[in-house]
Amino acid sequence: MAILVDSSTRLVVQGLTGSEGRFHGLRNRSHGTDVVAGVTPGKGGQDVEGIPIFDTVAEAVSKAGANTAMVFVPAPFASDAMYEAIDAGIGTVICITEGVPAHEMLRIHAFIAGRDVRLIGPNCPGALSPGKANVGIIPAEIFREGSIGLVSRSGTLTYQIGHELTQLGLGNSTIVGIGGDPIVGSSFIDVLALFEADPQTEYVVMVGEIGGDEEEKAAAFIESAMTKPVVAYIAGFTAPPGKTMGHAGAIISGSAGTAQAKKDALEARGVRVGTTPTETAELVAELARG
Amino acid sequence: MAILVDSSTRLVVQGLTGSEGRFHGLRNRSHGTDVVAGVTPGKGGQDVEGIPIFDTVAEAVSKAGANTAMVFVPAPFASDAMYEAIDAGIGTVICITEGVPAHEMLRIHAFIAGRDVRLIGPNCPGALSPGKANVGIIPAEIFREGSIGLVSRSGTLTYQIGHELTQLGLGNSTIVGIGGDPIVGSSFIDVLALFEADPQTEYVVMVGEIGGDEEEKAAAFIESAMTKPVVAYIAGFTAPPGKTMGHAGAIISGSAGTAQAKKDALEARGVRVGTTPTETAELVAELARG
Amino acid sequence: MCARGMTSRGGRLARALDLHEYQGKELFRRYGIPVSDGVLATSPAEARVAAEELGGPVVVKAQVLIGGRGKAGGIKLASSPDEAETRAGEILGMDIRGHTVQKLWIERASDIAREYYLSLTFDRSAKQPLFMFTTQGGIDIEEVAATSPDALVKLHVDPLEGCHPWHARRLVYAAGVVDPGEQKQIAAIVGKLYDAFVGADAMLCEINPLIVTPEGEVRALDSKFTVDDNALFRHPDIAEMRDVAGADPLEVLAREKGVTYVKLDGEVGVLGNGAGLTMSSVDVVTFAGGRPANFCDLGGGGDAQGVVDALEVITRDEQVRSIFFNIFGGITRCDEVARGILQAVGQMGLELPIVVRLDGTNADAGRRILAEASLDNLHPEATMLDGARRAVELAA
Amino acid sequence: MCARGMTSRGGRLARALDLHEYQGKELFRRYGIPVSDGVLATSPAEARVAAEELGGPVVVKAQVLIGGRGKAGGIKLASSPDEAETRAGEILGMDIRGHTVQKLWIERASDIAREYYLSLTFDRSAKQPLFMFTTQGGIDIEEVAATSPDALVKLHVDPLEGCHPWHARRLVYAAGVVDPGEQKQIAAIVGKLYDAFVGADAMLCEINPLIVTPEGEVRALDSKFTVDDNALFRHPDIAEMRDVAGADPLEVLAREKGVTYVKLDGEVGVLGNGAGLTMSSVDVVTFAGGRPANFCDLGGGGDAQGVVDALEVITRDEQVRSIFFNIFGGITRCDEVARGILQAVGQMGLELPIVVRLDGTNADAGRRILAEASLDNLHPEATMLDGARRAVELAA
């Protein structure tokens, strides 16, 4: 099973002919991902090492059966690419591009509400289901297949924790980087719900950071809606307190946004929280050992 | 039962202090409608013959328990009033105002998609469930309670047909004028589905007009999704053929838009169509007599 | 009668403002859509001056709100100011399917390598704007739709998402535009057409043909631009574009009086309240063997003065032999209508037979008022069907 | 360190451009929000000229990107140009919570009858803009939220619906503004604030206080305006407002070099790739008993030159006694990082101990490169935890 990406993923890479798109698209393919198409306007008819290029996502859907899109186009064009993928009927859109204006994401988020599409990112490392499919820039070689779902706002910190899990002989169902931008397509809660419903996933690790109140919301969700054990890690314990978004920000979230506040909120709901990546991996190992 | 408006309706009238709003609001109340509030910005605290006036719909909801809104404000302010009612959590919004720009209705229609709200109108006579509630400008005195659902794009033509039914001793569950503007909140199909689900309704009369292809779409819906018999009337049989919206219009709808084309489409799906209001009422009477 | 005018909007007829080619192009220009230079002329002399100003060959184009100008001889090339003057003289005053040519658009002639078609309109069913684009432009687009449906690319725009670059790409690639320069120019025009459509509250923006010159430049060679009447309150500049001179004088009078009126060809004047009921009244008069002289809708209000105004419009048509008043009161009060009828008959000295059917709000009072007046030419009837029949008899 | 700078955006730190009061007011003015007239001054003499130009009493306001200016004595009334010059002399150069005052905003003094609060910001959870409005303005709004939550009206705006007049009405009526003139002015300001928020890609637009003068005029007396860094590419004019002079010189250097750097107070320089990993590295150094000297994120790429630049920034801080390099290669290739370290050490003659932990993409190659160089001050470690501990030891 796994979530978001698996052996049924038929990937179209928007921006496959760019240098980064090409590098990671081919790397994803070499990890077993079924990369069925690339989209670059004006380059329809070409190919990238056998992967056909189309001018539009609609063509990639109708002619190559794409069901998942990875957006690798520059930030000023990324929201257009997301809309194009959504309107073409793509079910899972994963936007790697960083630097997408937040107001554009606000509108896209409102636009997809009620539509049958899942958006991951932007500014995220993507999703990897070891042994099945990798969509994004997560280095697949440091992960192994297993029963632990991993969801994170961070990129390299995710690799770090995955690596620590691997060192302890543990593997992952799916690793999902949701991105740390103010407005992202899917939140912790969205991904936790997917893990809860996924038969392969037995435990979940959630990797949060200071700022915002997504971890606090996730804590409430875990208590009310999850049966699977969750272990959390929060980065930024030693960051001095300060304002996140002026006074208004703190009032909105009703949270200090500090790592300690997040840890407290999670522990109050029965979620164990590691203070270092190493400790976090050990907590998971304890659970896994029973 | 009945649909849209009934004895559970708690109506707020947006624009109750205007002359038309007052006239029809009070008339609706005299027909038994539970008119719980009016909204006129700046007149909060006043009352109209005992009906409290609030500054905002949100107040009418929180303080008077309004669940249905009737919009009676001038056209340039009508879409704002509709958004206000929708955002305040009103479940049924009935916009009587005529002259609302079509582009505003396009946006509102897209906005309510997926939201739990039903919008009737604009530029419509409203909805009347005889003996229960009347929201709008339909003259309640010419209708009687019964088992016939009536849905129409027209105003006075609806009264004519309702009157003819009454003359034949037949009554109505609910009479709904959906409005004839290019973009309305609820289409024939939306209302037909409500009648299909309503236990009180045994037969349905649909009153259409030349132009567009809503009647043709309704015909397909009736065949595929309705068990209750439907009789239709189409106005405009003798209108000469012509363009509805330039060439583009005809291409879009794939329909000539003529009354005859609509009649043919309906009859092909087993719907009997009267050529005059009188004949239409007689067709219903035949059905009702078994 | 144009059936477009007969599409009801619930209470009243749907009205949209059709703009002349030159007016639509003015709006195109405002929104950055490339058009050819041109000058308006209302006389052969003006056409000559315009051609001199523009320099080089020009096209003299009749400005009428009806299709088929070209086939009817309303569009002609002129290679010199002399010739422009001559052609203008030929076209001015010409009758094109019932429309008299009163204005000409003198435009710099364009060399045409290719003709495309681009439009943006309301899809009433989908409740979304719809782009249509094909490289088979210049001809009747309904024919393209019928004979090569695959060549006509259709694409909806979610009004909340708005028009994005991908919409334009989808149109040009799906239609098979291959030249990158054309792709780029058309993509820009797609975005600007959407801006114009939304910005001007249009119901239809059509460019046919959208031409490509031998130099690869893309331009709108014609325009069909229709604006939502309901939104004119925020576009006073566009509202002023209404061509009153080119319209039927009775319809202009009706508009001034605030009455919705469409002239037909028969003898029975038909007056109702509400578009649907009036349309139905026209039908019933026809089914009763009569020929309706008009469609006249009092609208939602219908006070005494409105009735007087409507009767004034209807009776200006000398073909009218009888009048059928079909009123079902809702907002409209039948006593007011009755008073209006008496007032009009008194003021105008009307002798035409008037059949009156009143029902709904204050119907009894209305009937009483008419009965008390006991005028010879007033014929009350109890039902719509009987009223129509009687009016037909009286017109015979 | 400002924790705002420590909010990661996945790959890199969230950066938003905070504008000075005078810059925010310039944007307010552009969008039609009423503000008082004022002039920027950077010397007492300029302050005098400004006060003369403005006429009458003025307020001399320190322009620093930190709250609490008033309490710190950074805002003073001056009744004459003389006094303005004196006050300016007092305020310029003042240190307000770590920020040195380099600019003054000399503004015409306002009589104040009432002080309100109005803001529009991102609600990250709801993923919608959020208005907050209260008639209890002028003071710390967090206190209002804590002590009289009902007085603070909150209202989300659906970004696709946009801001409509009803939003403004809801705010003013729910907050209990009773004067119709105020209601009208505030309603207009609400709409314009939304325009400014969307138009300038703001993350926060705050007016505290929004004043009512004794004459009933409503004006923004202060501004807090924060713009999304990611959107600056389409606002070059706003991008130019960035106050480089007022910022930490190391952070300015880092920005020039394209490195994300936040100065801290300790001795262990911390350098990672990715904001989350770097933040975690700072934590681990602290838990290992050390004090981090900085947060420095190489970012997603991390080529050799980027490593050199980052080391240049870090080592400018003379408190630094050891450096912890914590790299988990993804896009970043560890061999490139290793090459960058060697290059920097060579170019800069670095003698500080550098602990290097490499994992992920090309980690073996990177470790080999470092081992072959066999420099005395390079200390490879296999894990993040061991690396942090070693760096702490070496700084002791």
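In order of appearance the chains are A, B, C and D, and numbering begins at 1 in each one.
Rule of thumb we're sticking to: a residue touches a chain if its C-beta (ideal position, glycine included) is under 8 Å from a C-beta of that chain, and two chains touch if they have at least 3 such contacts.
Remember, it's a predicted structure, so these values are computed and weren't measured experimentally.
Among the pairs B-D and A-D, the greater number of C-beta contacts is found at A-D. Of all chains, the one whose Cα centroid sits at the greatest distance from that of chain A is C.
Centroids built from CA atoms put chain D at 54 Å from chain B. With each centre defined as the average position of its C-alpha atoms, the distance from chain A to chain B rounds to 46 Å. Centre-to-centre separation of chain C and chain D, using mean CA positions: 57 Å.
Remark: chain A and chain D have CA centroids separated by 27 Å (rounded to whole angstrom).
Listed for chain A are residues 107, 110-111, each touching two or more other chains. Shared interface positions of chain D, defined as residues touching 2 or more other chains, are 158, 160. Chain A meets chain B in the complex at residues 113-115. Of all the residues in chain B, the ones that touch chain C in their complex are 20, 75-76, 98-103, 106-107, 109-111, 121, 123-125, 137-139, 142, 152-160, 163, 177-183, 207, 209-214, 217, 233, 235-253, 257, 259, 275-278. The part of chain D that touches chain A in the complex is made up of residues 1-4, 6-12, 14, 67, 119, 121-125, 127-130, 132, 140-142, 145, 152, 154, 158-160, 198, 201, 203-204, 206, 224, 226, 228, 230-231, 233-234, 272-277, 279-280, 282-284, 286-287, 292, 300, 328-332, 359-361, 383-385. Looking at the complex, you find that chain B touches chain D at residues 41-42, 44, 55-59, 77, 79-81, 83-84, 87, 107, 110-111.
Within the complex formed with chain A, the residues of chain C that make contact are 158, 160-161, 164-166, 169-170, 173-174, 180, 183.
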